[in-house]
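Take a look at these structures.
The same subunit A turns up in both complexes below, where it pairs with subunit B and then with subunit C.
Moving on to the complex of A and B:
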């Protein structure tokens, strides 16, 4: 190996590493891609805190917003609870339903949270965490937007804002049923 | 020096022992086989078998339930991959593009050894050449310098 070829080889060897680094800087590492997007949403049947059955099946034909939350999830779940309630009230007559799935929580603490924000959309405890694992949930809060045909179309990690809620729901409502 | 060496040796011996998984979380070896390959999603570099978190507990319960229902370990792993993507596996599967990750350490070690071997060969060859040069060849003198020496010698003789 001559000195001349080495002069070229060293920068050439550094190039792929630099390219990888550049790629890593451009990727949003908090954005966790879900393999479930554009796949049918897993069915579930839970009992809501109001004592009613809460299932995905019963809401076929509607745009469903499934929100995973916990009362200990501070501050994100506390930030988004009023947003979810407000948008649920606006959209419930337009064929949209919000379902809250309470995970890794104690029922008393969860009930207090529901009272604190006067949540009127159904919320249910996921006792063994099966629904959350079925939806590939990493942490709370996470929100899934499911179209009228029962497919997951978007996943949002972190507190839902009015903008995110309305953008995703409007998009799904605009689609032909 | 000996004390430092023995300390180093102790560290090397002690590390694998300390890295053994805690036996408390998982009792069933089949459950451990699956759970140890799954990443605890709420932890940093911990497997579902090793994490005491509630999420990991729920995942272990699900693994146990699926194994009892007759699923093979591979089927249970595939269930988690379907839900979370391959990210959920602590070690990437040995196929396709992932081979790059598996082979990179070995390939780069071999390339490194080849570079080192070539460099050493070049160094020793250069050194041998230099030593041989000193022993045999007369020192190279610039023709202009030789001419100058000749002239000065002549001048000296004329005096």
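Moving on to the complex of A and C:
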């Protein structure tokens, strides 16, 4: 290529960026497939911010909603926190448990977040990021719905809404144990 | 009838703008003045029609015409009249109307100011401006029609998003859009320079004030947005690196780079290509911002609705970027530098470094903003990049920029001698080092805070050194002190306006540093009569009260705040319940102070008023950010004053 024609690389360089933006239209931000769906959920044992053990094992036989979050995740985690708390209060006597896994966060900021939304379901820091790796977490927030037999049945990326929570949980509750 | 009239005005306006753009382009190629006249008349007509349709929309709001979908979605019978006017730009369709109107207005001002003094560039400027206006009118006509009818007609509307019922929301979009649209003018001149091959200094001289004005409005829009976030959203912060904040910040960064790099072209005839590139980039980023906000491609708090509008914006963005860069490639030879860099220790290189840093910051912000999309496209994996990324990458860049802010204006052009360096920087460096020691001794332990504050002192000292020296020179000429000081500002308004803007940025930087380093917060659940302490203040919970407001229901708490002095103050953070919203909206109560703000947010409460959770914050030095905005305003006014030297 002659030096003279090299200059046309300038407009050509913009093409990949524009293509990337166009790709954005094809993406549904809420729907990300996970190879883990219908597989057994990876076990974990963490210590909650209240100082108690928080594990998947201890909740066998219940429908478990595992929510991955961080206090710096604005605004999605802030939108869904009241939703999770509200639904946890509604469903906790029906055999449903919500577990919050706090990732890539400072404990002080996370505690502030928990206080801000007066979260009453257990939340624990994932100190080494092991749990989030086991669950293949891409970003925050992500929520996994685990059935009474310990299998991941659905995954939701982005803020959980009442509709999503209730649809997934009701479906799993309706199944025979 | 009125909505049809409005829609009709949009369509005719769009066709007229398109015609005007073509006519001006033909006039540009053939020099036919009659066609150029015709294009000017078309621009005038476009302005009239857009104004007319905007007024019709305001009228529909004022008269509660719920047969118009946009009105029904963004007001209800309880919305007070001033928010009915500002609801015009409260959502997608109306914000495009405001945008188009501002563009049409800018086009008109360009015609009035430049039809005689920029003859050679003028017709292509007009083509570009009208082309952009035509695009926005196309958006108003097809994917986002503000006058779309709603059937059946509802008895009441849904109402404005309650978070937008705030004075900050009246002014924030207006300032921001004036900034965004303002960059169309320098862009149009850059395109005209490329189209005509006159890529010399003329287009830069003509657009200097335009660029400063657009840059200023963008700054103001960002600051008001921060203020809104701070006193409305209730998280106690003013900046979150949200994609849409980033979208407004990126053109600000490149616009800032451009304001500095033009000085090198004016002085040394270098960087012609770079300058045109920066203007194209800045304008493209303003479009990118609009695209991001309105396409739903990247999820964000600010995001408007999704729809086909994203495709329109992306197509236009592609057209603008590809066509401009192709023009740039075509004029490659004409854009070579006439001067060259003589030394690394010179003002040119300080400015160059400033530009590299600003563009690098733009790139990192862009990268962080589109990263979720990129990672999803490449790996099929979604990753979000949060505050930690943006802060850790940008803080060193911004600190370096502050350092350069001290060096750039004083270091010599071409090659700085030892003497030049000693004369200008000895005392400022001493002041910076001594202040660092003082801050450390005073108990500041954060390295970043010490560095940032010491750099601020260094830069302030450079400005002081320059000003004192220039004043002394005038005193030696026999002037007395005050006229000498004032005369300097007026005579060298560009230089001292720039300095004042720098000082404004420094004040903002101190505010950001202080608020990050020293703010305190605490959250507590209090029974009635209980109190907690934070930073020497005692907050006592006195109870709750509920009342009905015009369009919502309020639960208000009362706290008595004392700080050891006799005077006690009542603060009343509240929660507002709007019928159209599912969750209540926090109403922050705050007391602004020079060194610290008190900031209370009401959390959960018992319905009987016996107990409430409250978030208390003592935010340090946040007011400096807003004060910096005022300094910035004064500096801008000074910088764009008519040039006295030439008038005299």
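Please note the rule applied: the second predicted complex is superposed on the first by the 147 of 177 C-alpha atoms of A that agree within 3 Å, B and C clash if a C-alpha of one lies under 4 Å from a C-alpha of the other, contacts with A are read in each partner's own complex, and residues count from 1 in each chain.
The rule we apply is simple: a contact is a pair of C-beta atoms (placed from the backbone, for glycine too) under 8 Å apart; a residue touches a chain by one contact, two chains touch by 3 or more.
Computed from a prediction, not measured in an experiment: that's the story for all the values here.
In the superposition on chain A, contact of A:34 is made with subunit B only, not with subunit C.
In the superposition on chain A, contact is made by A:135 with subunit B only, not with subunit C. Looking at the shared chain after the overlay, A:8 reaches subunit C, while subunit B stays out of its contact range.
In the superposition on chain A, A:18 makes contact with subunit C only, while subunit B stays out of contact range.
Set side by side, subunit B and subunit C differ in how many residues of subunit A they touch, and the one touching more is C.
Subunit A residues in contact with subunit B (one complex) as well as with subunit C (other complex) are 32, 104, 138-139. For subunit C in complex with subunit A, the residues that touch the partner chain are 235, 240, 242, 288, 291, 295, 297-299, 301, 310-311, 314, 317-318, 321-322, 325-326, 328-329, 332, 370, 372-377, 381-384, 386-388, 521, 523, 583, 603-604, 613, 615. By the touch rule above, subunit A contacts subunit B in their complex via residues 1, 32-36, 104, 128-130, 132-139.
Per the touch definition, subunit B reaches subunit A in the complex via residues 41-42, 54-55, 58-59, 61-62, 80-85, 87, 115, 118-119, 122.
Those residues of subunit A that touch subunit C in the complex are listed here as 7-8, 10-11, 13-15, 18, 20-25, 27, 29, 32, 70, 72-76, 78, 82, 104, 112, 115-116, 118, 138-140, 157-158.
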